[in-house]
Amino acid sequence: MLVVDGLVKRFGGFTAVNNVSFKVDQGEILGLIGPNGSGKSTIFNMLSGTFPPSAGSIRFAGTEIAGLPPHRIINSGIGRTFQIPRPFRRLSIFENVALAGYYGQGSHSRSKADEAAERALAMVGLPTDRTASVDGLGAAGLKKLELAKAIATGPKLLLADESLGGLDEAEMDQAAEMLRKIRTELGITIIWVEHIMGVLMRVVDRVMVLDHGEKISEGLPSAVSHDPRVIEVYLGTDAHATQATAAAAAAAGSDPARR
Amino acid sequence: MLELRSIDAGYGRFQALFGIDLDVKAGEAVGVIGPNGAGKTTLMRVISGLIRPTKGSISMQGTDVLTTPAHRIVSLGIAHVPENRRLFPRLSVEDNLRMGAFMPEARARYRERMDFVFDLFPRMKERRNQLAGTMSGGEQQMCAIGRALMSDPKLLLLDEPSAGLAPVVVQQVFELVKRIRAGGLTVLIVEQNVQQVLQVVDRAYLLEAGSIRASGASADLLADDSIRQAYLGV
Amino acid sequence: MMEIFDIYLLEALVNGILLGGVLALLALGLNLIFGVIDVTWICYAELVMIGMYGMYYLFSVYGLPYWVAAPICILLVAALGAALHFLVIEPLLGAPPINQLLATGGVLFVLQSFATVAFGIDFRNLGIRLPVLALGEMHFSYARLLAFVAALIGMVAVYLFMTRTYTGTAIRAIAQDRQIMALMGVDTKKIYLVTSALGGGLAGLAACLLVLQYDVHPFVGLSFGPITFLICVLGGLGNFVGGFVAAFLFAEIISLGGLFSDLEWGYVLAFAFFIVMMFIRPAGLLAKRS
Amino acid sequence: SAQAQEKKIKIGVIYDLTGPLAGGGSELQYVGAKIMIDNFIKQGGVEGYKIEAIYADAQSKPDVAINEAVRLIEQEKVNLVLGFFSSAQCVPVAARVEQLKNFMWITTCISTAVVENKNLKYVFRPQASGQQFGLMAADMIEKNAKAKFGKEPKDMRVAIIHEDGSYGVDVAKGNEAGSKKAGFNIVLKEGYSATAPDLSSLVTKLKRARPDVIFHTGYNPDITLFARQAREQGLKFGALVGHGAGYGVYEKLKEGMGSDVNYVFNIDPISIWLANQSALDPKLPPVIKMVGEEFDKVKPGVAIRSAHVGMAASNSYVFFTEVLPRAIKKYGGVDPEALRKAALEVDLPEGGTMLGFGVKFAGEGSPIAGQNERSFPVIIQYVDDKSYVVWPKSQQQREPVLPLPKTSGFSNQ
Amino acid sequence: MNKQLAWGVGLAALVALPFVYRDPYHLHILVLILIWSFAYTSWSMMGRFGLVSLGHGGFMGVGAYVTALLWNHLGVSPWIGIPAAMLCAGVLALIVAYPCFRFRITGHYFALVTLALSGIVLQIIIATRDYTGGSLGYTPERTKGSHIVALQFDDKVVWYLIALGIWAGGLAIWYWIDRSMSRYAMEAISEDEDAAAAAGVNVTAEKLRITVLSAVMTAMAGALYGQYQMFISPDTVSGIAVSLQMVFAAVVGGIYVALGPTVGAIITILLAEVLRIGFGTKAVGWDNLVYGVLLVLFIIFLPKGILGSLLAWLKSPSKHRDG
């Protein structure tokens, strides 16, 4: 459903993303990993229209969306979360999500927006009462709110940027579970950026690895976590690699849905 | 080296810490773990003077921290890498590092410290003129740690240093913590990554809902079943 | 005829540059306050006005020599700047920026009416007449040359101070994250004191030189206030070199615009230029485009 | 019955005591009017009517002037409003006063626009209009062109510059009309804002235009700035003719221009202390003396008493001696209607006021209804810290010095 | 329900007022307060969302001058002239604001761009004095025909009722926005434009809508002011001074509550009036001195505005937030 071809982003003289091409299929969860500064968030920013690509094409559900303004892209069915949560503190939790429901789907119906907000909040497990304030949320709550906002826009494709950072183990598991649920129950395709391999590798169908703005590896989690280049630049040699491999292996064994 | 006695602290009417007692001895690495919202960050802020406790006492190598003005606490040898990095986004990397060496004591050794930090994080040297706000999350974390090290501290407070870092960098950070310790620096570190932090610290405190629930040597905590259940997901 | 035209055009050009010096001098202190520490002193030009009165009293009433009066006046306005910070800005540091704008707007009223009450509504004048530099048909004012040189030296000095010293770096940092300054060992009060006094001092410097060219009256600030703000923004907030260049661009537009058309339209042109430039280079004349 | 005993006229007096106009001359006008009002209060009133004055500050803002006028009329129930310095205030206030059918006595506000085609019934201005100022300036230059400049009027190069407020614009219109009539070559006509931080391009244009005479209308800060930049840029000319306001305050002019002030012309209603006293009504010289003494008490140590003071004093005096007694005696009171009828009947010949001119108001139907048809300004010249009336011939105290002698920094000789 | 009743009674009382109490000067002040309240409310439509405009003097000037110019030169009735003037202001707002929002000019930058705009409008009015009367100001010609067509009334009561209606209309619009999704969108935009866009909000369009609405309403206020005073001058309806006056009054009253700007108008106008009359000519200049000091104190000690702080204070003891 998403076809990216030759995507490039330059900041001044610096090339953050260099000629990256990839595809995402309907209903899959693609893991996007890579060292810090390798261009993951930048790719998200281009996919969601936060800034236009310097070159390349992005086709979503058959139409070219590269360079469109963000609200058009969101309306066409791409939702995103931010790596560092960006809640609207002057609105209540419910209003935050209802806003996304109202504008995100482009339908501009108040009742539909409220409905969408309630569904999204229930999905991530946040209170659905209308006045609860954002200030009461901790790190985990804010991440959930990010997800709820993204879901409320009614996406076909969800871009999740580091949904786990700053969460404790129990919450991470919850979050991973949630992503899975989003995919299975809502049928939403997901691209997921994450540094916590133990969790990521368990959930994703396929992994793509970036380094210095270039794609260096792509494939099944188990394969990628054995790729020596990936180990060198990203996983490091010890525990993580083994953890990742183990997770991937475990997942492969337990999940019949995987091809 | 650092002693906290029955600290109460909070934000306005909201109390976040209840009667905290905590010790860090010279040369030790101590961890603080606990769920979200337990008050870990608050604890760090109290030590570095960003917020003042409502009750209790803190001393650093015999000096009363609470009577020391906030901006003099760095001079006692306490450096704090705050949660979420908190860099100066529109200053260059180099200027951020320079801010870390603001104290008169540190200025004299500016070059030397700078080389030390660049050694530690070659990426920072590469990006020394980039505005800190435009760097990736991981790069910013490096910069924040580097900035704290610029003051040549005796005690380094790290608040979730591994958050958002690539696994290879997380390893580097923890190795770094080890190296820093080897250099005689004392470290107090807050982490979600319990598994790994317990491998680098000597002792740890478990904080829950603003009180210390448990404490002890890392090995003991790692062996404790209830902790393994709650925090290691095992 | 053409020849004469050329020389007058040249004179207007050079006069534009000299006016630019005056505006650049004014913008210098404001850029420090408004551009760097992100505090809005809407009453900046009124500080200059008080400084000009200071010069008038020290020089004309108390009979001090100019070179003695000037440093006293600079100190005076520096103290005023610091007082402004601690009385008005400090309590508002956490409030929305618009509140700073308004509080200092209130101070603007206060200073204007204070001057009216204390110094009367008469126009005051030092009565110093500096010699004139004549190059053939063209004549230039020493008072303006002086302002130009002061602006240039001031700009370089402030630039070096801001980029080369620890205090300068701290000044640039303070607007970005005030809370954690203490972690760096920085006493924020002291930094604010230094900055506001410096900003005030620069206003005082401007006052010493402006008083050689302009009459003082309680409303003299109106002539300069808005344009000074526009220059700071046009040059890029906190960008001293940009501010300097912007001052000259503005001055040339006013000067040449005034030569080719009516004086009044010169200002319309300058304002319009500002708006257009905001669209073309929103982050300031010298900013790199991202 | 208490009311019947206590006969009283309440006067609302409005000038600018703060803001830019205050220093431009409004405050001096206020002093002049107050001296005269206090004088009549001290005398115990007029024709058995006690006088009560309520003063208000228009703060150099038209909306404040409107508000104060409305307040004085509707709230304080004054019988008339008197004063006003700026034409930008006079225009709307006059309209309001007409609407409220009150009475307005304007001592200053020289813009022609205040009365022109307004068909005002209750508004009177004994003062000369701005265009008269402008015309007078052109008249003097025209009559002296041949003798002093050695040129035909059509060869005279004149430049008209003015602040772009109501006052400058109006005077400049008069300058232009007069210059056209005289056949001068107008080489430049330009307005500028009184708060402009720079006039150097104006000076450059003047240098290029090489005028023999500059007609200038402005307030203080801009006059100083212009003079200073003109000198610094080496502008040369044969005569500088100012038109009241800033040029009327010699002290400030001298402070700003230094010795360059020598031989500058100024057009204003004559300063009452310069008036040819033998030509005046004999009861006036003691009043002039009184005003002078009172003024010295308010502002001691002023070398040349500003014309502004006398202007307001004289124009107020006309009200108290001509309008008020007639209204009371002939029309039975001080209501607006009585005051209006009394004002229309004022008929003073030349020499009948301290300013030298007479008073006869244009009545209903005239395009300038409410304007004193007998008023005229005079031209004075500042010579060595003294001022002399040099024009018109009838008032002349000495010959004008034209063109600027070589001793002047501006001389183009 | 109770609240609605209170509103109804309040409004009815306001409508009845001039028939009971007819002091003309006080009515005059009331009319001014109502017109300015409407203008300040219009400003705070934007101001409450962090769009600090220092250019509303320009819109006010366009409203007043276009209406008066059309009437005097072309004989166009203000009933058509005012909508035309509002249209002009709207177009002007579009021309300036669209690039601003497109190029992400916000905060200080936006404030100063709009400041320049009001400077331009002022200068143009002055420079085109052959049409506008320049700094002498401009007077709509008195009608020789119908007062209603010319929108000129000598009776202050009529004006009071007109101003009251407009003011109430302004409040209604305020409420309408407050209840609408636009408010959510604008709050979101004022905090974080990227995040708002990621929620699907068309940031540029939303900002433009609110800006144009605010500009158009301000132009209407300017036109009404001109019709009521029967006089406009660049200083009273245009330029930087008026723009600042709007910001002041609105913020002093409180920009986050509906009646805040109204309270701001009442306080600033009455305060200026009382101080000026109180000090009179005995202590010249002191009224503005005291006025300035009070403004500074208000803003330092009541940062949410007088009404905003008052409401917050009334609420806080009764309603315990979080816990």
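All chains are identified by letter, namely A, B, C, D and E, in their written order; residue positions are counted from 1 within each chain.
Here is the rule we use: a residue touches a chain if its C-beta (ideal position, glycine included) is under 8 Å from a C-beta of that chain, and two chains touch if they have at least 3 such contacts.
Since this is a predicted model, take the numbers as computed values, not measurements.
S.K.: If you walk from chain to touching chain, how few steps can bring you from subunit C to subunit E?
M.R.: 1
S.K.: On the document's contact criterion, could you list the chains that touch subunit B and likewise touch subunit D?
M.R.: Looking at subunit D and subunit B together, the chains touching each of them are C.
S.K.: Quick one: which chain's Cα centre is the longest way from subunit B's?
M.R.: D
S.K.: Considering only mean CA positions as chain centres, point out the chain farthest from subunit C.
M.R.: A
S.K.: With chain centres defined as C-alpha means, what is the inter-centre distance between subunit D and subunit E in Å?
M.R.: Computed from C-alpha means, the inter-chain centre distance equals 37 Å.
S.K.: From the mean C-alpha coordinate of subunit A to that of subunit B, what's the distance rounded to whole Å?
M.R.: 29
S.K.: Counting in whole Å, what is the centre-to-centre distance of subunit A and subunit D, each centre being its mean C-alpha position?
M.R.: Chain centres of subunit A and subunit D, defined by C-alpha means, are spaced 78 Å apart.
S.K.: Using mean CA coordinates as chain centres, what's the subunit B-subunit C distance in Å?
M.R.: Measuring from centre to centre gives 43 Å for this pair.
S.K.: Residue numbers in subunit A touching 2 or more other chains?
M.R.: In subunit A, residues 11 touch at least two other chains, as defined above.
S.K.: Can you list the subunit C residues in contact with two or more other chains?
M.R.: 113, 116, 262, 264, 267 - these are the residues of subunit C that touch more than one other chain.
S.K.: Spell out, as numbers or ranges, the residues of subunit E touching 2 or more other chains.
M.R.: In subunit E, 126-127, 284-285, 288, 322 touch at least two other chains.
S.K.: Can you list the residues on subunit B that touch subunit A in the complex?
M.R.: So the residues of subunit B in touch with subunit A come to 35-37, 84, 123, 134-139, 141, 160, 163-172, 192, 194, 196, 230-233.
S.K.: Across the complex, what residues on subunit B touch subunit C?
M.R.: Residues 48-50, 69-75, 79-80, 82, 86-91, 95, 98-103, 106-107, 147-148, 151 of subunit B touch subunit C in their complex.
S.K.: Please give the residue numbers of subunit E that touch subunit D in the complex, ascending.
M.R.: Checking each residue of subunit E against subunit D gives 23-25, 28, 32, 126-127, 129, 133-137, 139, 154, 229-231, 233, 235-236, 273, 276-277, 280-281, 284-285, 288.
S.K.: Taking the complex as given, what residues does subunit C use to touch subunit D?
M.R.: Result: residues 4-5, 8, 11-12, 15, 18-19, 22-23, 113, 116, 120-125, 127, 129, 132, 134, 137-141, 143-144, 213-215, 217-220, 222-224, 227, 251, 254-259, 262-264, 266-267 of subunit C touch subunit D.
S.K.: In their complex, what parts of subunit C are in touch with subunit B?
M.R.: Residues in contact with subunit B: 166, 169-170, 172-173, 176-177, 179-188.
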